[in-house]
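The following pair of complexes shares a single chain, subunit A, combined with subunit B in the former and subunit C in the latter.
Presenting the complex of A and B:
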């Protein structure tokens, strides 16, 4: 290779030599990453896409004679054909939807709140940061085991509640929907008009159930384990705010709340977007906790699409259906991410090309933020 | 490198903390000072209460693992085991394959961590520094791959691992985890933040590209390497789903898989809470150690992450 360049005209003697060397090294350096990502990410996606359009039942190779093209049958089976699978899928979607709708706002608010608290110059602030972050480093398995103990019917939480004179529910064994329980307090019981209509095999009344009491345990657990991580992200955002802004506002007599609302929140908008997006992506993928904790019980109320996709494939051998669920889940996650992008777009923001001066600093940190989701990503 | 910014003086010169400034202004006003002092007492009480909520579950877990089963069931809240016993730990040792799980987790985690740090930094360096055709496309692909949610890949990965004959082997458990796009991204960003000049002089001196990378750039990249090490270790030690789909024999069970089986409790009688909590406490120790050793770096992510 080098020889060929050496024989070329003089103006190509140096440049292509170095670039040729760099190209070879570049591809060599990248090769392991590209090969592994290709074999274990890109190729699997292609294989799964094929399986989701096939009737493969787990025998032999999915690329061999045992699998046949069935078109959209698996997707139709889930979305339009009444039956057990559709019913399971509908319930899983409902459960996870409520999980997302509760976890994402709560964890965002809690982590922002914690970040604001520990962003002050206080003694022992390091201790508090550590305490709030620690749950984030533990494994989902260990935390789930712990929560199974805390929330067992005669466990820690119910003991605490009994000191307060309250009787706790049986938590992970309680399939009642939270909203149903609340409605019941107001004397609203199952109404026939809502029970007769169905969407994805689940009656309208059951769509309105809210998260089951069992699911609420997982919701609390999610907030407990993720708020520390997101607190660190927010902390990074908060420390990026120019303090003179707050001082100017203080001179103008702004209250703490107004400073928070009109300075802090707009300034950390990129972080907010990152946290909400990461939250959405994470909460649509609940798997470990369900696998360890409940396997979808009681009465399917902690079933999630991720777990259903797994159990349809590995336990029921409906691989096509399992793969189809995975792709629908993927579409849902993409949809939510794009929707967040559109909704949190700053209306006052000048488009990238026309941006000038200091505004540039505020807007373009998304990418480095995602990277800095990693703790301590470099000074 | 060591921006060891103590939390007391967090971000000292560049970012004056809010309280100090306004306090000096308010000092003329005695009422404001009193209000502030009251406010800070309330803040502490509040923070302390929150910290208790975050720490208490772990304390309970540790204490309960030293309780007898009847004691743990009857009195889950007490912080003194009565009677105190190490039965749970003995059971883990003799009644379960706990040591095997530890061994498997250690093998997988250490292989994944060291190889991943190396491969990701190699790729990150190529993307940050080497100029070659297709670099942009390669980077775009890696970023796109980063966006695919992991759970969606469970079934696909199983299919491929089986197709390659790696199912139920260490290879199947390790190789797919060796590379992660986010790690490449972190390393690329870091390499771009250090000046090129040193490398250029080495290049003029005739050092090979790999040598420049290995003996000049990598030593400078220690902070990012440590970050990646922490992330990879924590990620693979805590990984569950991938091991579920890549192996089935009991001899390949990792801690996460083993403890998950304990939790679903098909084995033995009774609720076995002390046993389960002992297992989950023990499996938390390595990541906890890592966390406390590198605590300052992790916690100062905030200051460190500001890249302009």
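Presenting the complex of A and C:
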């Protein structure tokens, strides 16, 4: 049992005897996937990493004679050199940060709410499930175009608002930050102390702008299109919850809200992690809506790092800078994912050791009770 | 036994699949430039079916004469498709090239010089200058456009204005714009862009760079005068930027009768015919500012790829496509102004109502050929979107710094 595999390098792991050739066959079967992943995933990522450290200008192969190693120059250009590229990058980060901070919580809450709604025995539940999921299967380009019409200054939304006696903003043309607008209502205007300090070429006052009115349209759109998908994930999680738990809680006199808070939410914690993580990745990479809708306008307030990476590369011919933006974005996403993992980890889970084995910390009586209940310790 | 046979079957299948994959990969990687040599590929960014058809026909006629195949491809995103071509080492032989991109590509070594083009002398000198980078011509001008003042003649009459009232000065422009602002229509609307508002810079005697092209002059007094004038018209309510009225561009605002005047190029003719056929309009020359007349010029040209495998034939095709007859054919088909000086008279006869656009050629300026200038102007445009709320000075000094950093 202990010496299951013959000694040798990792690629020659094999069992002695009649199964001797199985490892080779295994590698053979893996080969197509390795080739495909290598060709379409590992190689391009490695090439992009190289480009981000090079002065390649788009002429000829980036691995050829035209590209030279420039070290961290592209990263320094973005992060520490004042100028247009740094301004754009700072603005893109700010815009996307507000986008993420608003979209992820809202879409998670909305999709969980929808999932709880359609997880009952209702009439027409199939219809509602389909209807809620529908925006997710529609192409994002089509929905963007639809939203462009809806949120036109003389479009449907503003017509509706005018019936209610309100004057809508010019939406996708309105660069004012949401927080600035709110602060303005309270008489707080641009303060000079915040306007003179800069981070990544953007003044502190502008960092606090919040999402622009134009970006808010994209935020609403993201919630509208993604909630359906995440509702489906939550629905699967909800249907895994044993109904007897809810019944037991009901017998104990728990209200609907308490059942939701103390049974449903803890039981779907893994799904919650999945949804938040997928949401974070998707929102930090927002590109197609921007490309189709505004291309960063108005006043750069819908510019995002993903779109900036594209335009720096393809329009400005600054391929190294474009690739560097992509890798910084990658680092940001990894950071947020790890942070989510730490936050959604079950805080009051009993460590394995304590559940299944008697330890010194637990009193003798308890220990024996636990030990006899645990199947693993049966003789 | 049975199991073994299945395993062997699967192994054999896998071997076949892998070799097929390897073969495809090999073909994909090794297919560079074998059969290409006899076909010239032309990548165009077409304004519509009329243009596509005209260019295809011209290429076909050339094939008939020379026996060399010419393949015209319409790009959906010209910049992106060109970039892909340059990176793969297998770009289209010839392609449309705007003069704001020419320096960027020339600097990267993507373009072959066209100094030896047969008909190089036939173009307007200003057009050749717009495509010259570090002493070499990098595109053959094919057509150009200038900006003029486009006027809704019905609104004009409605405001009791006559043909004598077409504005000759800024003062008159402000006055007619005020008179035309009535019945829910604003006098003048235009894109919040350097590419439109830049005309006022020229009229005030300002420009983006100094005469020697080494110093950024965006924050000059003349430019400040220009944008203060624009701002005063916005403040007076007689001018609006298209983002204030929710239009995509001046032509849309003008066509939808949101405004009575706009500053646009001759491409507006197509939109008026197709989308707003009931709006009567006329193009007149832009008014003169404190420093005289001025307008912006947009140039279209044919570029030749440095990596083209058949430069001689490609150059012959460019020469054919930029000769008098073909350019007049294009002018008839989709209204562009020919880059060949000799065509001017015939064009004026063809489009008398657009004489103002051609008249602009005498005093128009193209965007300076500086690598990366498109990026800086892109930011200029972004900043100008906020002009109604902010003031011109910080915008001009910001863009000045950005432009100076790429001039070095």
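The rule is short, and it goes like this: the second predicted complex is superposed on the first by the 317 of 379 C-alpha atoms of A that agree within 3 Å, B and C clash if a C-alpha of one lies under 4 Å from a C-alpha of the other, contacts with A are read in each partner's own complex, and residues count from 1 in each chain.
The rule is simple: contacts are C-beta pairs under 8 Å (C-beta built on N, C-alpha and C of every residue); 3 or more make two chains touch, one makes a residue touch a chain.
Since the structure is predicted, the reported quantities are computational estimates derived from the model, not experimental observations.
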| item | value |
| --- | --- |
| Which superposed partner A:44 touches (first subunit B, second subunit C, both, neither) | first |
| Which superposed partner A:154 touches (first subunit B, second subunit C, both, neither) | both |
| Partner chain in contact with A:135 - subunit B first, subunit C second, else both or neither | first |
| First, second, both or neither for A:236, with subunit B first and subunit C second | first |
| Touching partner for A:61 - first (subunit B), second (subunit C), both, neither | both |
| First, second, both or neither for A:313, with subunit B first and subunit C second | both |
| Per-residue contact with subunit A, leading partner among subunit C and subunit B | B |
| Which of subunit B and subunit C A:170 touches, first, second, both or neither | second |
| Partner chain(s) touched by A:84 [first = subunit B, second = subunit C, both, neither] | second |
| Touching partner for A:29 - first (subunit B), second (subunit C), both, neither | both |
| Footprint overlap on subunit A, where subunit B in one structure and subunit C in the other make contact | 25, 29, 32, 36, 39, 61-62, 152, 154-155, 313-314 |
| Of subunit B, residues touching subunit A in the complex | 1, 3, 6-8, 10-11, 15-22, 40, 43-44, 46-47, 50-51, 54-55, 57-58, 60-61, 64, 73, 76-77, 119-120, 122-123, 125-127, 130-135, 138, 141-142, 145, 148-161, 163-164, 175-176, 178-179, 181-182, 184-186, 189-190, 193, 209-210, 213, 223-224, 226-228, 230-231, 234, 237-238, 240-241, 244-245, 255-256, 259-260, 262-264, 271, 273, 276-277, 279-281, 283-284, 287-288, 290-291, 294-295, 297-308 |
| Complex interface listing, subunit C residues touching subunit A | 7, 10-11, 14-15, 17-18, 21-22, 25, 79-80, 83, 86-89, 104-105, 107-110, 243-246, 306-307, 371-372, 374-376, 378-379, 382-383, 385-386, 389, 401-402, 405 |
| Subunit A residues touching subunit B - in the complex, by the definition given at the top | 19, 21-23, 25-27, 29-30, 32-34, 36-37, 39-45, 47-48, 51, 61-63, 114, 117-123, 125-135, 137-150, 152, 154-156, 159-160, 224, 228, 232, 235-236, 238-240, 243, 246-247, 250, 281, 284-285, 287-288, 291-293, 295, 306, 309-310, 313-314, 319, 322-323, 326-327, 329-330, 333, 361, 368-379 |
| Contact set on subunit A toward subunit C in their complex | 25, 28-29, 31-32, 35-36, 39, 57-62, 66, 83-84, 87-88, 152-155, 170, 173, 175-176, 296-300, 313-318 |
